[in-house]
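One structure follows; several queries about it will come next.
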Amino acid sequence: MIRNIHIQHEDFDVSDEIAALTADGVGAVATFTGMVRGGDDLTALTLEHYPGMTEREIGRIVDEAESRWPLQGVTIIHRIGRLVVGERIVLVAVAAAHRGAAFSACEFLMDYLKTRAPFWKQEERDGRSCWVEHRSSDEEAASRWRKT
Amino acid sequence: MIRNIHIQHEDFDVSDEIAALTADGVGAVATFTGMVRGGDDLTALTLEHYPGMTEREIGRIVDEAESRWPLQGVTIIHRIGRLVVGERIVLVAVAAAHRGAAFSACEFLMDYLKTRAPFWKQEERDGRSCWVEHRSSDEEAASRWRKT
Amino acid sequence: MNILYFAWVRQKVGRSEEVIEHTPGLRTVGDLAALLLKRGGGYGEVFSDLSRLRVAVNQVHAGLDTVLASGDEVAFFPPVTGG
Amino acid sequence: MNILYFAWVRQKVGRSEEVIEHTPGLRTVGDLAALLLKRGGGYGEVFSDLSRLRVAVNQVHAGLDTVLASGDEVAFFPPVTGG
């Protein structure tokens, strides 16, 4: 399986990332792009991470997705540093033969990124910075995937 | 809500389509790209549709998605004509404030496109053409969304 | 009424559209399908197994019991396979 | 052991990392947290409410009962908010 995991300051291009996942047996690519959402006077986010653990934890999350669904490729790109409103933050792209696996794995990976990968966000409003609180709805989203 | 629906011969660019959906309140864009999958000696697909009804039916599907989830934009592009292995067939892109709505609406729209929109596929193998049979698994996928 | 055919239905009946006058005997889609079945040949093949056919009236998915009117656009086609 | 701090934990304790020698009294993460709490100040603020803290040992999510060893990398941070 193709596996592209990048933690980077630079922006990414979704079309290029889909093209990099597209091989002969691929019939379906699901992607998720997260962006800095405006509103409530938000001007920018600053993303901090735990170098080393981030890559390892994302690797474990991808291993788990690969064990659950027949996948042909996974790309995860997470940006760090300061990002203004409208900028892309994160990309998850999943290639598979069929759409069910691509959709499920893409949503699973996002839910686990949100709750397991060591990133922290600071919000800027009126020049003041404030750490984003963890959302319990993210825990609930991730708990859907727990095997019983 | 932004609504871009196109039935066309031409290819599309996923990044451009995401950019066209991105407004200030958008925090999440989910996309699905379907491609002509190789294997079993398949060389190409030819897609036929019912002009007029296709656009109307897709419009109704998008209305239904909009009534179920808080969405900020939907793009559906479905190509017609002859497409060789590896070519893009269909794009569904959904923009929303939060990822749950974007993911659910994107999957819903694909499931309904597969079972409601009047397109028919012919497969080419060794120079011979054969109509693709309807898959009951697509009906099952769509039936998940039925309101009880 | 304007009658349209798509995909293998079009290929078997040998045309993509035709005009059939609406008469009192053609109350429903089922009546129209029965009329077309009687033509035999490709029509006979197509309309002898209605479980493999889908129909739309005025570009909306319909059924055998959908009532027809003069000026309707009626389309017969296989279950859809796009996406 | 190498101790790392991230996000507001880092800001409150006033540093991003430090070295603490592993001793028999520091059997678990909980023992280490108790030691750091005793320092007071920013450490006191951070370690007085362990429900708001997460920990990783050697870059794997861990808990208060995780056993420590010499040479471990122990990181304290808030619940994650990426994506």
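Things to note:
Letters A, B, C and D mark the chains as written, and numbering starts fresh at 1 in each.
FYI, a residue touches a chain if its C-beta (ideal position, glycine included) is under 8 Å from a C-beta of that chain, and two chains touch if they have at least 3 such contacts.
If you're wondering where the values come from, they're calculated on a predicted model, not measured in any experiment.
Set against the Cα centre of subunit B, the chain with the most distant centre is D. Annotation: 48 Å between the Cα-based centres of subunit A and subunit C. Rounded to whole angstrom, the centroid-to-centroid distance between subunit A and subunit D, based on C-alpha atoms, equals 26 Å. Measuring from the averaged C-alpha position of subunit A to that of subunit B gives a distance of 23 Å. The set of subunit B residues touching two or more other chains comprises 34, 110. Taken residue by residue, subunit C touches two or more other chains at no position, since every residue touches fewer. Working note: touching chain pairs come out as A-B, A-D, B-C.
Listed in rising order, the residues of subunit B touching subunit C in the complex are 34, 47-50, 52-53, 56-57, 78, 89-90, 110, 113-122, 131-135, 138.
Put simply, subunit A touches subunit B in their complex at residues 13-16, 18, 22, 24-39, 85-86, 97, 99-100, 102-103, 106-107, 110, 141. Against subunit B, in their complex, subunit C makes its touches with residues 4, 6-8, 56, 59-61, 75, 77-83.
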